[in-house]
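Going in written order, the chains are labelled A, B, C, D and E, and every chain counts its residues from 1.
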Amino acid sequence: MTLSVQVSHKFDGFELDVSFEAPEGLTVLFGASGSGKTTVVNAVAGLGTPDQARISVNGRLLVETQRGINLPAYKREIGYVFQEARLFPHLNVRKNLLYGRRMARNRSDKISFDRVVGMLGLDRLLTRHPAHLSGGEKQRVAIGRALLSRPKMILADEPLAALDERRKAEIIPYFELLRDEFSLPILYVSHSIAEVARLATTVVALERGAVSRVGAAAEVLGDPAFTPAGVRAVGAILDARVTRHHDDGLTELDAGGAALFLPRIPKTEGSDVRVRVAAHDVILSRDAPKGLSALNILRGTIVAVRAGEGPGAIVSLDTQAGRVLARVTRRSVQAMELTEGQVIHAVVKSVAVAPEDVGAR
Amino acid sequence: MTLSVQVSHKFDGFELDVSFEAPEGLTVLFGASGSGKTTVVNAVAGLGTPDQARISVNGRLLVETQRGINLPAYKREIGYVFQEARLFPHLNVRKNLLYGRRMARNRSDKISFDRVVGMLGLDRLLTRHPAHLSGGEKQRVAIGRALLSRPKMILADEPLAALDERRKAEIIPYFELLRDEFSLPILYVSHSIAEVARLATTVVALERGAVSRVGAAAEVLGDPAFTPAGVRAVGAILDARVTRHHDDGLTELDAGGAALFLPRIPKTEGSDVRVRVAAHDVILSRDAPKGLSALNILRGTIVAVRAGEGPGAIVSLDTQAGRVLARVTRRSVQAMELTEGQVIHAVVKSVAVAPEDVGAR
Amino acid sequence: DINVFAAASLKTVLEDIGAAFETEHGLAVAVTVAGSSALARQISFGAPADVFVSANADWMNYLEARGHVISESRRSVAGNALVLVRSKAKDANAADATIETALSGVGDARIAVALVDAVPAGIYAKQALKSLGYWKRLSPNLVQTDNVRAALTLVALGEAPWGIVYASDALVEPRVDVVAVFPENSHSQIVYPAATIVGGKPNEARDFLQFLAGEQAQQSFLENGFTAIGDDE
Amino acid sequence: MTGWLGPEEWQAVALSLKVAFWAVLVSLPLAVLVATALARWRFRGRGALNVLVHLPLVLPPVVTGYILLLSFGTQGTIGQFFKKFGIVLAFHWTGAVLAAAIMAFPLMVRAVRLSIEAVDPKLEEAATTLGAHPMRSFFTVTLPLIVPGILAGSVLAFAKAMGEFGATITFVSNIPGQTRTLPSAVYAFLQVPGGEASAMRLVIISVVIACGALIMSELLARRVAQRVGGS
Amino acid sequence: MTGWLGPEEWQAVALSLKVAFWAVLVSLPLAVLVATALARWRFRGRGALNVLVHLPLVLPPVVTGYILLLSFGTQGTIGQFFKKFGIVLAFHWTGAVLAAAIMAFPLMVRAVRLSIEAVDPKLEEAATTLGAHPMRSFFTVTLPLIVPGILAGSVLAFAKAMGEFGATITFVSNIPGQTRTLPSAVYAFLQVPGGEASAMRLVIISVVIACGALIMSELLARRVAQRVGGS
């Protein structure tokens, strides 16, 4: 396991006792406000001393209170991206970026200044001061700054929460790059399902100071029982490969043999992507539908029908492309007589898949 | 016209010249960041003096610079809800609420303290201090405070921008109440299509300091050419009436004779509602579809097919329920040979209509 | 009661005399002390003084020239002597010596004095050193303070081994020895002129001035290390 | 305590407390006004006002006292003007109040100014939109929020006023029972051979009072900060 | 200017500038340390330290000078300790620096402390996660951000040091060319009848210098604030 975390701490009125292991990749800490996410991330960063903790990253022990081991924050070689950027207001962007550099001189250099600047599109900003950056630009600088301190791990505490939708969409791909190109372990706090779906390798769900669920992202999000952010958060994650960009602006994907057509995805042909298909965007049809404007039709077998508390039900079906979830009304379940084992067609509009729901795998 | 605004002002590097009239109801100022929305609202409130302005509300002249008339802010009898709540930190909730009360003693009292507290659900918070309120609670108090100063008009500058989705959903209905029950003219700044769709009577779109579009909400949002917030913002607004709450959790609506089934709407039977149907949630079908899980099928005639820049196209159709927009791929337009005058079926999943897309009319 | 404005160094003795005056005349005496300069200026600005006792003639002249004192009432009520003192902390046997031998023995040690161009005690010290021919040699050794008591304190603490102060001050400071007395003729006569103030209570003030010159008061001055002057100005 | 201190010393302590109290009370409104002007208003002469306020901090106190004597003395123009209204300052304990107030003024203004600058002007704006006249919004919003700053400034000013000597003795002299404050009494004792012990006793008293005030202000400020809460 | 002023007066001006300069320079590091401690650290004796720092503001200056004399004089324990390292303070201009520094210290600490309290500790945390030792993060993040506060404090301290009299003359006396600062010269002039004019000339010089310093600090602070920008 790349990341092994065990933390317990008592504030007045709040008790935290968290323990989880996560493999390589990006681990999302997911949970409601006040569930203890920041406290856990800070324990990993070495900010604040928890009552009891044992944390190791890639076999490197950061803290084990029982043995009296506790690396101070500045020795942990961790890059922390905070929600509010926390850029140094007296330094221009270049100096902010290079701040952590000197302390990391001795470490290996696969992360060059030029590469980071290029990747984050910071060229034109280098001489500006933070006060003259927009929220999204600030956050990009903060990511670059963390990266350039040559960390062994990246922490990010709701790095997008302060940004509006457009800016969020602008920043997310950079975290994919961190995860994929730099192969850095990342611990990422979020309570946005879209972010989780797009970024997470592993999801650790927290509830009132305790871990309520750990697992691979597709597995946790694809579980109809896991609806911490409301029913609208339920959806399936499909792994696919870009096969072709068509002239009419559609990108064709191959998901386990089934073809999917989506509005153009900015990935080269042949690259692997993950696609989140929200359950409420899937229509079920008993017969193979004809004359429909929807391009993506997946044939599959119903594996579960789970009625919720409201008027809705979640239908899970296994298709060529993988497990797909559909949220339909209970009325439709009855009308269509949906039962397990039944063969059915899932209809997904191309345009119903939001751009932010497609990410690198 | 209830609200008549004409403002021009020059900052260095930015020129504002705005003029619009709006009828009763809630007027949304809509536009990108930096387009001048706050400047306009502040001119109405009397915060900051524009170079040139003429503003009147319900026939009451607030400022006419050319005639040297300029009511100071404290005499304008306006309730301003700011983005950041701006509660007085040294006063508890009750005292915050009553702050504007004393100055308005002489004005008529159809807005009683108890009614406002009840409506906004502030009973349990009255003795708390702002520091101990959540973001949503703060904003509720701010609304109550503005309301209790017995204003002749409400201004709101992105009152929901600092809140997360759940809190937003919590606050929006209160603005509907202000609009409908208190019949107060409201000038509301937003760049969220969902808010506009749900709240606006009139939309005033600003672009770089000038009005780019004014009109009734349904008209502006239903215009495929009006996509300032990206294609995903396009959608139609349907007027409907709640006819029945069914036992299986669905609410049946009557939209111009057509039945619509939506997840339960918290409105009494018989009340009027507006439903926003996003264009990307609509599937088109040549034949009347059968065996589909989607419950809402509207038959209509195509009035326009408008291809966008990307892979998509917007199809407008007139149905019994009103104008409906569908966003489909250009490929589907070709495959289905969609043309003006053609009769077609619009399929809308019940669950695809998000709760925040249904509001009081 | 009577308001007496007096140079700070007269505080104790005037309070004693004031108490005696009160027993005799049934009139309380309030003694206000500060530097002579401050008091003179305040009187010129209308301070509620009945009697002014200055530490030197200059400030009395200043007031007289401006018509603030009743000239006829002016008289010297006490005198003082200037002495060279030595810190006990330095050397135990400071036997009597002539002023010359003592000054010769100063070497390059520091001598504490009051400001030599401003404060009366310092002005007298400068005159004395000049007339004795030691000014050139010893002026670099001088450390000046804003009043004579501060100079004495420096010697008492041993910060300055030597000091030139009033005999009255030296008398009551156990941590210093008087090494020698400066000859009376080496400096202007040290007198404390007193006068009644225009606008004060004339009769009571006159009574108090008379009392100051009287035998009982003069005895007090002597006991406090001042020299008696009597009725003779 | 009365046993330990002579009646004269006791008188000096009482007088100093009275003088410092009034000095703070009298200068407070003006300090708040000046601090508001410096923090919030843009006007010609703002720089000059700032310098003027700081002068007493910079000048030798004796000079300040001398200037006071020249202007507020019975012969001074301001002094004569005040006299018409029966207000006497020179050689009166009220003059000691004036001297102490002026010497402590820069400290008070600085503290209040900083706390005003920390109050978000947007809150005042909000009050205005609720119908409050700008004056009202100042008194109901800004003022309550700067209470910690005012407290801190007042206590510092009080302490300074307790210790003020040079300007006081120059302006109002050192009249027992009328203007002989603690530091003046200390001075008088230091002029008397063997008076160091009495002087030190008085010094200790003033230190204790000043420390008490400082500690109290920190506690009060903390409590107010808590009441107002995080924001 | 040299024509208008006598050489002695000129000497006093030069000396005062030198003393004030060094007083500020020497006390600055300690002031920053103490301000940091008061603003950021929680430790036993914090309250006591706060009171100690403020004492010179509260005590009559003569008393402060007297205490300095007792402890830093040639007979004082600290003075004797310093002497071993060849550092002489009593009756030396360096002693005037010490007196001025101590009298100005509370003003400096207050200014610096307030600006430290205005720096978000989260920035230091951020620096730490970037690998900076807490010391380094202080010097590279906090320190540059409090430059305006340090400047303001220094100028105020400088002005105060220029005007300090009571403690200076008590501690180091008034030796022409060595410890006769401007205020000492002013005092001397005020002691002789008719000396007011000369005194006022010197006062004006010190006021001009102090005002210049105050104005410069406001300008510098504004410029730094601009450089650092809104945040």
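Throughout what follows, contacts are C-beta pairs under 8 Å (C-beta built on N, C-alpha and C of every residue); 3 or more make two chains touch, one makes a residue touch a chain.
All figures in this text were calculated on a predicted structure; none of them were measured in a lab.
Common neighbours of subunit A and subunit C (chains touching each): E. Counting steps between touching chains, the shortest path from subunit B to subunit C takes 2. Once the centre of each chain is set as its mean CA position, subunit B and subunit E turn out to be 60 Å apart.
Each chain gets a centre from the mean of its Cα atoms; for subunit C and subunit E, those two points are 36 Å apart. As a whole-number value, the distance joining the C-alpha centres of subunit A and subunit E reads 55 Å. Our note on geometry: subunit A versus subunit B, Cα centroid distance of 31 Å, whole angstroms.
Residues of subunit E in contact with at least two other chains: 66, 187, 190. In subunit A, no position touches at least two other chains.
Among the residues of subunit C, those in touch with two or more other chains are 153.
Pairs of chains meeting the touch criterion are A-B, A-E, B-D, C-D, C-E, D-E.
Subunit D meets subunit B in the complex at residues 120, 122-123, 125-134, 136-137, 140-141, 144-145, 227-231. On the side of subunit E, the complex with subunit C involves touching residues 66, 69-70, 73-75, 90-91, 169-170, 173-175, 180, 184, 187-193, 195. The touching residues of subunit C, when paired with subunit E in their complex, are 35, 37, 40, 58-59, 61-62, 89, 110, 112, 115, 117-119, 142-146, 150, 153-154, 157-160.
Remark: subunit A residues 45-47, 72-80, 82, 84, 86-90, 99-100, 103-104, 129-132, 145-146, 149, 155 touch subunit E in the complex. Only residues 47, 50-51, 54-55, 57-63, 66, 107, 110, 114, 156, 159-160, 162-166, 183, 186-187, 190, 199, 203, 206-207, 210-211, 214-215, 218 of subunit D touch subunit E when the two sit together in their complex.
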